[in-house]
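Several structures are given next for inspection.
Below, subunit A partners subunit B and then partners subunit C, in two separate complexes.
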Partner chain A sequence: MSLIGKGILKGMGVTAKNFFQSYYRKERLPTVEYPEEKATINQFSRNFPFLLYDGDDPVDGMRCTACTLCERACPPQCIYIIKDKDENGKAILSPRIFDIDTSVCMSCQLCVEVCPYEAIRMDSAFELSNENRFEGLLLNREELLKPNAYYHEIHPLEARETDDRMAAKAALAEAKKKARQKRARLAAKNKPPPGLKKTPPTRKKPPQREKSE
Partner chain B sequence: MSPVQTMPPRSYHIGKDDLGADILEVAMGPHHPSTHGVFRMDLKLDGETVVDLKPVFGYLHRNHEKIAEDITYPMSMPFTDRLDYLCGMTNNWAYALSAEKLIEIKVPERAEYIRVIVAELTRLVNHCLLIGFFVNDLGALGTPLLYALREREKILDLFEVLSGARMMVNYIRFGGVRCDPPDGWLKECQRIVDAFPAFLDEYETLLTENEIIIARAQNVGVVTREEAINFSLTGPMLRASGVNYDIRKVDRYGIYDRFDFKVPIGGHGDCYDRFMVRMLEMRQSVKILKQAIRDLPEGEIMGKAPKIFRPAPGEAYGRIEAPKGELGFYLISDGTPIPYRFKVRPPSFVNLTALRHMCLGHKVADAVIILGSIDIVLGEVDR
Partner chain C sequence: MNNYFDLKLVELGRWIEAFFAHYPTLKLVVHLLLCTLPLALSFMGAFAFTTWLERKGLARIQNRPGPNRVGLFGLLQPIADGIKMLLKEDIVPERSDKLFHFLAPIMLMIPAMIGVGFLPLGDGLHALPLDSAIIFFFAISSLNTIAVFMAGWSSRNKYSLLGGMRAVAQMISYEIPLVLSAVAVIMMAGSLNAQEVVASQQISSWVGSGNILQEFFGRILGWNVFKPWGFAGFIFFFIAALAEANRSPFDLPEADSEIIAGHLTEYSGFKYAILFMGEYISAFAIAGIGVTLFLGGWNGPVFAGLPWFVLKLFSLFAVMIWIRGTLPRLRVDQLMGYAWKFLFPLAILNIFLAGFYHFLERQWGTAIAMLAGWLFGFGALQLAAIALSRLNQSPTIRSKRVYQLVE
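For the complex of A and B:
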């Protein structure tokens, strides 16, 4: 039978070691006193989504085209989009209303993953307390729109990748456009004589999907 | 092994005791600090002895399964984080595994390794927390718990860099993982894994020989081998009772057949065994992590998953060894992008069924540590 209380004394030794080392070893006391001192947020952290715009004017430079892919992919259904219309009632490719209810949002990032225009991204701001729990947490389009520079500030690595991807996409589109113009010019040059009308290509019917019983 | 026998009923005198005093009924919880969430135990006490116990739960019911039957398959992934909110990664993996069985997606090598790394890190997180709270329930208020939380914090920081969030990770996707670890992540992971055994040694010096813990936890809440099988316990609970059953070894899902590790098994099935099995399991996790980080290959992280996930009619059950036990997702597809049936087999809910049996005849203070040793998370029990 060993000495009763030996285990307890050993444990006290560990506690004492931790206590004294916490004064001079950072890994023994990794906490910070929050409101006075703030820990740095790492650039990969995510919180709530925001919308990106290019250029100076938030509304003109808006990347969002109101395709509603994010609205449909959102698991708790916290995104609400209404498409914009011009004075003739024709739809414009931009949202008139784009609301995100941050009291419902669960920061899952699925909206970011489905967006084909790199228009929606995750913010990492965290001090979002508000006096009004209904309207205060429901962010509208103007509150959500943030410039690309802000994105570079909070997620530098991801923003650079996004910019590279967008530049590659734009270059590809430009090349395609040039090729189309070239083809159009060529076609105009050796235009068939009038009277010999080209038949418009018939539209292919989409293949019918088999219905499961 | 002898054939499984039914448990003999434990009978206790209910009504009046020898001195004519009444049996006291106590509702312990739902707002009780030791019930680990909103959980209630309706106790019948004879003095301080528990003569009957009824677990009451459902306070955190969030309709997880029914919501999942209303949305498409990939949209359920972030909801699975909220089941066992301490181990988001393993929940993600279990769901992805069953969905991959449903549509037969091949997962690339690198993604499999990353999954193993994050799952074993999650096991460290969970067991750290469990042991901290177990000692907290025993009365060592604060200090050992905070040492455990301090280690857990380092791993959560790793998760934040990898996935963007500390707990609600939403990292694993059907056919792979969401993104590649950024530069320097593996190095940091290696550093934390290498430093972890030192923490375990310190923690064992602090606790495992402590006479108070031994006196309080040994021979308390005993579940024998046969009873453990009858209650269909899984995970560390089952292994503490002496049954060698680990789904990582039995099923060999993912790439667990490539790693060299042992399954710790207890001998008595009491609270102390459950505590020690988890301590030893952490050492084995560190062993797996070292091998996985060493062997991590280069390559793709996403397999060829279809853009619109529309499985053929059929069913699939994917299960993994989550830190708490067998976590399974049962999916039935009717050919639409929305599951027809979505069933979760949560380990802590099934392990909770043994609570009454374990507590009968013990004191109230023991009921608290027995509940602590089961390792329940109410997000998973109530779903």
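For the complex of A and C:
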């Protein structure tokens, strides 16, 4: 014979256990009181992109070459790039203006995927509230630029992998260059045609786009 | 120590009234104010404290800390909420029935406050000491059904109307087991006077005896809840009271996952606060009458009187909060079926059980009545409950379902 209301009493027991244990057991009260203490962020968390630089000077060490691949890949079109020019009006491989509108960005990470120079990565800083919802959320180049050390700090695994890949790429490029030089030297030794000097292949430049500021 | 607080409070009241001894009219006004104002204010304060208690309790049950920013442990949160409510815009729907929309909160507050007045809070602390206080209480407290329906109807909103209709169906059905379970107590006490019901819950031969142990237990063991019919009656009463007060798991009129907030949907600002307060104070009134009828009223060892009443009231409310944190909401048909097919017959049976107990007590004394009552009477209730729950089960279809289009 089962007692009427046994199930209810059992349920009440469960809630009572939760109530009392929340006073002395940490796992029963997992709340982090936000402004006083901050939750530890998982190293795989991501929200908005930032730009990486090497060395000490943000602008000189900028990895970005203003190739605009990310700008074209961005689904909500929230990246805005203008290439830099030198005094003669010739394009330099770095952006003069690089803006990301974080109020539009949907944190899809597509810009990171397409970047061939490992120049853009996802940030995990979350205290981004701002008094001005237009200009305040539109991050410009200086605000976006962060050192590689910061990247190592927030995403250690990923950063190490990126560094390794870049080092391997650099080594490969070095080896190729050496091989090419060797070939050129050999060729020069074997038959030196005075008029036919082979030029080293240059990287094809990305097509330039007209832009209004 | 017994009744010390109550006597002092009564004395204080007399002392204040004595200032106006030469002005009979003024003295009457002061007397009325002294009867009503402290009661109203203290129950409003209790309401504020209970909202805090409820939020804290539910939060802890759900493994959160609950409000903890305003004041120590968030104790000032109700005040902050009150200020917020006062400053909010009071929106009245354009096509609503404005008069009734305005009247509904008041109509809810009035019976709640009157109901509170019938409670014997302590020895001599009794705002409305009527001879038929208990029947009056039930008559007045069923008025709040009208207020809830008024709120639902006048808002001209389908969710409000649904909430109001649910409230009427629910409150009318649960009124019956509520009163029937109280009938057993009234029968045993032989009086409708709340103070006498409380007085009947002491073991009178022990209380006056001077023996400390007997003094102590005479004020506890006499509570109706320790008698078989009282225990069962208390459970029926408590379940029906939860439904009467729209408390979870019977909070169908304001089921927020189904019909937004039911009859409260179109209320905002201070009217909402008043409606909310009215519901809490009705819940207090019902819990208070439960304490009076079953838990010995203000009886208790050492500090008999107001402290015990307050303690019992808040314990009962804490159980309500605990239940709210535990049980899911019932469906409408389950709710009605539960009242009519289960609680109602059991409450009637309980009246017979009380009569049986009374007969045994008269014939062979309390000890045998207790034994027989718990063994046979309570057993009979259990059996009846099991039989009823079997009977009420919807028929199970045993044949295998055939999917014609599949085979």
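Points worth noting:
In this section, the second predicted complex is superposed on the first by the 183 of 213 C-alpha atoms of A that agree within 3 Å, B and C clash if a C-alpha of one lies under 4 Å from a C-alpha of the other, contacts with A are read in each partner's own complex, and residues count from 1 in each chain.
Just so we're on the same page, a contact is a pair of C-beta atoms (placed from the backbone, for glycine too) under 8 Å apart; a residue touches a chain by one contact, two chains touch by 3 or more.
It should be emphasised that the depicted structure is a prediction, and the values quoted were computed from it without experimental measurement.
When both complexes are overlaid on chain A, the residue A:Ala179 reaches neither subunit B nor subunit C. Once the two complexes are overlaid on the shared chain, A:Pro30 sits against subunit B and subunit C alike. Shared-chain residue A:Ala168: touches no atom of subunit B or subunit C.
In the superposition on chain A, A:Ala125 makes contact with neither subunit B nor subunit C. Among subunit B and subunit C, the chain that touches a larger number of residues in subunit A is B. When the two complexes are overlaid on their common chain A, residue A:Ile4 makes contact with subunit B and with subunit C alike.
By the touch criterion defined above, A:Ser22 lies against subunit C but remains apart from subunit B after alignment on the C-alpha atoms of chain A. Judged by the touch definition given at the top, the superposed model places A:Val14 against both subunit B and subunit C. Of the two partner chains, neither subunit B nor subunit C is touched by A:Ile97.
Once the two complexes are overlaid on the shared chain, A:Leu157 sits against subunit B while remaining clear of subunit C. When both complexes are aligned on chain A by C-alpha atoms, subunit A residues 4, 8, 11, 14-15, 18, 30 touch subunit B in the first and subunit C in the second. Put simply, subunit A touches subunit C in their complex at residues 1-4, 8, 11-12, 14-16, 18-19, 22-23, 28-31, 33.
In the complex of the two chains, the subunit C residues touching subunit A come out as 57, 60-65, 322-323, 325-327, 382, 385-386, 389. Partner subunit A is touched in their complex by these residues of subunit B: 71, 74-79, 81-82, 143, 147, 150, 153, 157, 160-165, 168, 170, 178, 182, 202, 205-212, 214, 313, 334-335.
Across the complex, subunit B is touched by residues 4-8, 10-11, 13-15, 18, 30, 42, 44-46, 73-75, 106-110, 113, 122, 157, 212 of subunit A.
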